[in-house]
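The same subunit A turns up in both complexes below, where it pairs with subunit B and then with subunit C.
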Partner chain A sequence: MSALARCSSCLPRSASTTRHGSILSRSLATEASAGPSTTQLAPAPGKIKSHETIGISIVVNRSPFLTRIPSRFERAFHAYQQRIERALHNPFPYEFYFKQGSLLETKFRAEERKRERMTLGAPFGTIEPQTSAESKAQSARESAVEALDREEEEIIPRRGKADEINDVRSLDRKGERNLYLLLLKKSNSEQVWRFPEGSLQKGELLHESAERNLLKECGVVMDTWVVSRNPIGLYKSSSAGGTSLSRLFFYKAHIMAGQVRPDGSNVLDYAWLTKQEMEERLDKEYWHGVQDMLSDF
Partner chain B sequence: MSFPILPQRSIKPTLRKCQTSVRYAGRTAPAGDPRHEILRRTLYPSNLRNKSTPTGTWRSDVGRALQHAIPSVQAHETIERAWLLHQRHVRRQRDSELKRKFEKMKEAMDELEKLDKHLYFEANRQEDPRARSTKEVELTKTLKGSERKAMEARIRGLFPRELRVPTDTPPRTGWNYDWKPTGPASTP
Partner chain C sequence: MSAAPAVARAAGPARQAFSLRPSRTPPKIRKPLKRDDQGLPIPRCKIFVRDTHPSRMMDHYFSTLQDDLMYMTYVHESGPRKPPREIRLKFDPEDPYSKNRVNTPVGGSQLGRKPAPVTSWDNVVQLERVQIHTMIKEATSNRVNLLGPIMMMRALSGETEGGGGRHTSEGVQVVRSIKTVGGWLRPRMPIGAKVDLKGPKMYDFISTLTEFVLPRLREYTGFVMPASTQQNFTPSSVSGVVSIGLPPEAMGLFPQIEVNLDAYPGSYGMHIHFITNAEGQGAQNKARALLSGLQVPFVRR
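And now, the complex of A and B:
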């Protein structure tokens, strides 16, 4: 854009100019701050009205709330390493930690025997032969221990109702995966699935515009957080008409609570989808522009 | 794992014996208070090196357990190599995904630079999480109570507390669909 007038200190583009806060030559991923940027570049006079061609789109991500299950090979390897570790490690000094003959000690020894049997296999972890008096006392203690253990905590299953019926509007579905928000919009008597988007107002910064557009398109009853001031990607629509936005800058946001509330006029429906599920709903060109910004899993 | 597998007939493996000056014998408990003995045994385990244990406290059936755990030297090495290969695949996939994302970011920023210098500068600016603009300071003076807490909680440039760490099972209450914003919607 050579039509822009540059301030005089912008011109020498050497690798070490940091005096007035020019970050033009620094790499984008750097974390080192070169001091407070107290002076600002004045917006150059006579700039091309870029806010008319720029659009802002937001990729809202619901991060996974469940841990991943390791693959079969990983589980087998972990089991193998556990066997080796159990064979090699020091015997646990349980007589130091538990009082001799107490219920807790009996419970611990029973659990330890069970763990031994599960890790190493049948000949290990069986009860050593005892005298009859000892074995009676032992069995009495163990039944007392079992009486303690009657009440158990209820475990919530990982796959809930939303997974069973595959409700794409639900935020409880697919806990292990990253879900992204898509909105069903009507454009010229056609319905398209797109990310929430909007235009840039005059004098507004990109990330501020992202927040504003997100609230406008999806309602205010969502607890969202736009991650950074930088866009994560760009989509240039080749078939742009005169008035439609030619460049879409994408911003990443996270949702922590709440749900989308479409206003019904422009936005008809919404869905929280994984990357693979999105492919079939989006237009091919849009999908190719967008897919590299999203997490695979 | 440098310990060689014991064959069926017991051959003493050649381990270096490290000699210490203070030697703690493992002795049987006297009839009186066992607490002293237990403490002593835990804090000062027997370090007499007349048996084949480096620290003196392996389990009694260590040879049998190890033979049961490891099928053979070749099998162990194959498993090790398979694991390292698997880790390499996982690492490659993760790195390529990050690379793709970074390329997209770079492309967007390059385009923005060409498009509008002011927006580009503002997008690149590093934020000081402690700094507050004058507008925000005035806003905090007008707010009270929970609204003020909500505003002070979300600090620009830091991760919010509500980003949940993944767990093995879902939360008991599930997703909170009934969230309501407190006070002024967004911070400037």
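And now, the complex of A and C:
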């Protein structure tokens, strides 16, 4: 197993996630059932001596599920490029795509005129003069199309309820940003925010320990995927303050479904935060050790 | 001086909406433009069409996939690599005996043994282009049979020759045969069509493929990978290209074609080649990991 702990052997892993039925996207809100994998990962009973100095920490990431809102400059740039594209593009082959005089063609022509006028300005996209009979038929068709248009789809707003009340426990908050999981833990009669972490047991590989500790800290009602068998970072604490672990290897994981269930005794609370929100909750030394592993946006 | 009012306007109460459309008429062209042979005006500078909209799949690659792929494909190496072993020259080029003889490399062909480059942040596997390719057997008897596939590729890619003012954009190209195949092909006969996609259009094509086409294919679980026991020293496994094939039924599932499937004289299958920047040993596996992240499913039997 340890010989396999090279990254090239990690590759089929991402493919194997697609082997099960759920090939395509799955909503974050779905409940993850505690599968058989969780029982395998439970620490085996017996004489396992935990290693005192090496610890494993997991950076659990909720990746963005909304597209980023482009900046004002980007929007202006795109609008300008759209104008150039419209001015240069080949004529649209109406007769190839539409039956002559069909409702859809009328609708498309009307929309196209509107877009033309929108992008290039007034003389473009205005209706050419027609004979009276033609214009009558045209207006009849357009009114029919308008009747079609009334059934419009409702667009789900970008900001949900979690954004309005700033619910840091919700996974639906800040859909366009990367969120990371922090846990509020008891240590020496004070409460500190930390990434999920745990100690390395004897004879255990680092990435196995990452999966085990993640389940131990966050509960089994969460569907996660630890990205690689290589750690993404190392944090060496100068003092023993906060934890007994002096070296922490960080692993990256993604949350696919479910939610954290703090056990209440060791882990008191949890929060899904952006990098910028995290700074005020972490102590300064820890923050300087971990900040470069996180995505700015 | 002219900048001052603009600053004052910006500092005033925030304007909620602003128009991206020019609100004034364009300035008059004082000096008449030169005209080309067909009487069309030649603009004073070269005009290119660049990105016209944000690309969702491309954003996904840069915000999520790239980091993950870097962690997954990282190979730790302590210290710099050893220089390649000096192999004694078997043939002395000045020796009149060996001068014009075939000089094969010592130890056989080294094509599939090219080592992967040292892992770094700037050579994370990334898509360079996607090529769609189809061969039409019937085109050997009548080249009109190529028109359907060419129209299909135009609809799929939106690429035209010199499209967007780029001379590198080749649009849909006709593939011609290279050599004689007994009684069937002669050199330079048109037998297929291909088109290259790059940039945002490439990512848009992949998202169409994975969201509309692959989920609706019948009796399909994923693209079958070669067995894990297969040796990975072949030239194809070090080239970083992943090729998949779609049956003719898949053509009607693309939304661009679905709207007027009747307008096409037939349905055509296609090969899709995903060309990445990965090279060296394990390059094809890296490319598969990238595609897997872009929701193209792979299975191993």
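Here is the rule we use: the second predicted complex is superposed on the first by the 243 of 297 C-alpha atoms of A that agree within 3 Å, B and C clash if a C-alpha of one lies under 4 Å from a C-alpha of the other, contacts with A are read in each partner's own complex, and residues count from 1 in each chain.
Note that contacts are C-beta pairs under 8 Å (C-beta built on N, C-alpha and C of every residue); 3 or more make two chains touch, one makes a residue touch a chain.
It should be emphasised that the depicted structure is a prediction, and the values quoted were computed from it without experimental measurement.
Residue contacts after overlaying the shared chain place A:222 against subunit B, while subunit C stays out of touching range.
In the superposition on chain A, A:64 makes contact with both subunit B and subunit C. Comparing subunit C and subunit B on the residues of subunit A they touch gives the larger count to B.
Contacts of A:84 after superposition: both subunit B and subunit C are touched. Of the two partner chains placed around the shared chain by superposition, subunit B is the only one that A:250 touches, whereas subunit C remains out of contact. Of the two partner chains placed by the overlay, neither subunit B nor subunit C lies in contact with A:101.
Of the two partner chains placed by superposition, subunit B and subunit C are both touched by A:232. By the touch criterion stated above, A:264 is placed in contact with neither subunit B nor subunit C. By the touch criterion defined above, A:74 reaches both subunit B and subunit C.
According to the touch criterion, the shared surface of subunit A, contacted by subunit B in one complex and subunit C in the other, consists of residues 23-24, 63-64, 67, 74, 77, 84, 88, 90, 96, 121, 230, 232, 254, 295.
By the touch criterion given at the top, residues 18, 20-22, 25-26, 47-54, 56, 59, 63-64, 67-68, 71-76, 151, 160, 164-165, 210-211, 215, 221-222, 225, 228, 259-260, 263, 282, 285-286, 288-289, 292-293, 295, 297-300 of subunit C touch subunit A in their complex. By the touch criterion stated above, subunit A contacts subunit C in their complex at residues 6-8, 10-12, 14-19, 23-25, 63-64, 67-68, 70, 72, 74-79, 81-82, 84-85, 88, 90, 96-98, 118-119, 121, 178, 227-228, 230, 232, 252, 254, 295, 297. Of all residues in subunit A, only 1, 4, 21, 23-24, 28-29, 33, 36-37, 40-41, 43-44, 47, 50-51, 53-54, 63-67, 73-74, 77, 80, 83-84, 86-91, 93, 95-96, 100, 120-121, 123-124, 155-158, 160, 170-172, 175-176, 205-208, 211-212, 215, 220-223, 225, 229-234, 236, 247, 249-250, 254, 256-259, 292-293, 295-296 touch subunit B in the complex they form. Interface residues of subunit B facing subunit A in the complex, by the touch rule stated above, are 1, 34, 38-39, 41-42, 45, 55, 57-59, 61-62, 65-66, 68-70, 79, 82-83, 86, 93, 97, 100-109, 111-119, 121-128, 154, 160, 162-164, 166-172, 174-181, 185-186, 188.
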